[in-house]
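Every chain is named by a letter (A, B, C, D, E and F) in the order it is written, and numbering of its residues begins at 1.
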Amino acid sequence: MSFLFGGRPQVSSEQKIAQAEAEIDMVSDMYNRLVQSCSKKCIDSAYREADLNKGESVCLDRCVAKFFEVNVKVSEKMQGEAQQKQGGGMFGM
Amino acid sequence: MDGLTAGEQRELQSRMEKKQMKEFMNMYSNLVQKCFNDCVNSFESKSLTSREESCVMRCVDKQMKSSQRLGDRFQEQNAAMAQQGGLPGR
Amino acid sequence: MSFLFGGRPQVSSEQKIAQAEAEIDMVSDMYNRLVQSCSKKCIDSAYREADLNKGESVCLDRCVAKFFEVNVKVSEKMQGEAQQKQGGGMFGM
Amino acid sequence: MDGLTAGEQRELQSRMEKKQMKEFMNMYSNLVQKCFNDCVNSFESKSLTSREESCVMRCVDKQMKSSQRLGDRFQEQNAAMAQQGGLPGR
Amino acid sequence: MSFLFGGRPQVSSEQKIAQAEAEIDMVSDMYNRLVQSCSKKCIDSAYREADLNKGESVCLDRCVAKFFEVNVKVSEKMQGEAQQKQGGGMFGM
Amino acid sequence: MDGLTAGEQRELQSRMEKKQMKEFMNMYSNLVQKCFNDCVNSFESKSLTSREESCVMRCVDKQMKSSQRLGDRFQEQNAAMAQQGGLPGR
């Protein structure tokens, strides 16, 4: 997600820390969303057993790979559009 | 926001800039999660199928257009409401 | 949502800024909820096309209008009840 | 919350007041969104139908009564648990 | 949820306040989740009447009791496992 | 996170510790809510049935193993991506 953070030249210590913090927050938020989405898609909510079975384990691994791939695609797409528009707001707000 | 001095407005402005960054990151993450949830439903392999990939691309396009449109309407309604004197009771 | 903010007399600079900030947070939160609700109600999640079609566009516009109307109704109702109770807590907590 | 000095309790109190405002706004927004989601499902016109409007009114009433009841029970359970010495292991 | 907070010896005023604040945040978060879950499980979303009927009221009361019981079970289970592992991270992150 | 001085890294570190506590509490609450939602569906009595209780126990186990596995894969992918120079465009 680094394209979000590469823009402005950084000056003060506080700004540098704030940027690092924002980057960590973003990664941690992504992890939480991934857990939410992949649990829902891969784990049978009847909980017949306490262990992950083979199917669930494989599904979780692939789910992470696909989630990252979607993240990359979305990021590429938005970068491309940001470059086209140059400086215009991307959203309605 | 009425009744703030210039100095107070500047302080508010600077806090708003931090918020905007957060808001943007949140919208980005929402977009990734929503398009993943809606488009990716098979886990036979660890790469996106071409069908899933093009669904994701259209999803991003459509969701961004939708946010834009909703944002425009939202601002119109907000402006109209401010002219009527805000929500009843202000 | 201004009835939420009209209550107490404000004193310090910090309080005035905090109130303005709270009001902006509330508007921004409402916008995010509206996006969530109206996308779900109006956008076909099969994404057969990249553009909004006519039906979706009209649905989104009406959805915003109805969301605002609900907001006004809820606000009026809660103000009415707050005036009846005068100072009693409105919620269980 | 045991073991705070009077000064510390005052500082905590002041932070709590800011939180309460936020909590209230959050409950208000939840109410608007929940009643909108549950009651508004037709988009043939841009105004609420009378059926939708009365659903929203009953929804607000019922959800507020429900929150109130849940809050009462929650506090009872919390108090009972504190008397037993908190969650196991405190 | 107190097992989460009993660990380290507290020193400064700021730390004591921060811990009390964290405990209150946790309780308030739990209440919000309980409202969300129990409303969904107990309240008919057709809203045919403005008052809680008998069935809904009883359901809400039992829902709170069961939610607390689940909270206690999960807390006991995680404490047990934390003691077994002693200091190892409990999650993947 | 590159380009921070030692002092800046220490400040960041201290903020991260507060965040970790919050993250942990959030995961705990998610676990309680998810296992409650998935396992408890009857309200004939105010105590968990033995069936519900054992469902909750297996749910906690499975969800924690799932988070662990997802966390391991997530870190691998993140590391792989950092080696390739981050998300495209860095």
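Miscellaneous remarks
One rule holds for everything that comes next: a contact is a pair of C-beta atoms (placed from the backbone, for glycine too) under 8 Å apart; a residue touches a chain by one contact, two chains touch by 3 or more.
According to UniProt, the chain labels map to these proteins: A, B, C, D, E, F = Mitochondrial import inner membrane translocase subunit.
Since this is a predicted model, take the numbers as computed values, not measurements.
Using the contact threshold fixed earlier, the set of chains in contact with both chain B and chain F is A. Contact with chain B and chain E alike is made by no chain in this entry. Using the average of C-alpha coordinates as each chain's centre, E ends up farthest from chain B.
If you average the Cα atoms of chain C and of chain E, the two centres end up 27 Å apart. Each chain gets one centre point, the mean of its Cα atoms, and the points for chain C and chain F are 30 Å apart. If each chain is reduced to the centroid of its CA atoms, chain B and chain D end up 25 Å from each other. Note on chain placement: the centre of chain A and the centre of chain B lie 16 Å apart, centres being C-alpha means.
The multi-chain contact residues of chain B, meaning those touching 2 or more other chains, are 23, 26, 39, 57, 67, 69-71, 74.
Residue numbers of chain A whose C-beta contacts span two or more other chains: 1, 25, 28, 31, 42, 61, 63, 65, 71, 93.
On the chain C side of its complex with chain B, the touching residues are 1-3, 6, 13, 16-17, 20-21, 23-25, 27-28, 31-32, 34-35, 38-39, 42-43, 45-52, 56-57, 60-61, 63-65, 68, 71-72, 75-76, 79. Of all the residues in chain C, the ones that touch chain D in their complex are 1, 4, 18, 22, 25-26, 29-30, 33, 36-37, 41-42, 58-59, 61-63, 65-67, 69-71, 73-74, 77-78, 90-93.
Of all residues in chain D, only 1, 3-5, 7-8, 11-12, 15-16, 19, 23, 26, 34, 38-39, 55, 57-59, 61-63, 65-67, 69-71, 73-74, 77-78, 81, 86-90 touch chain E in the complex they form. Of all residues in chain F, those touching chain E in their complex are 18, 21-29, 31-33, 35-37, 39-41, 43-48, 52-53, 56-57, 60, 64, 67-72, 74-75.
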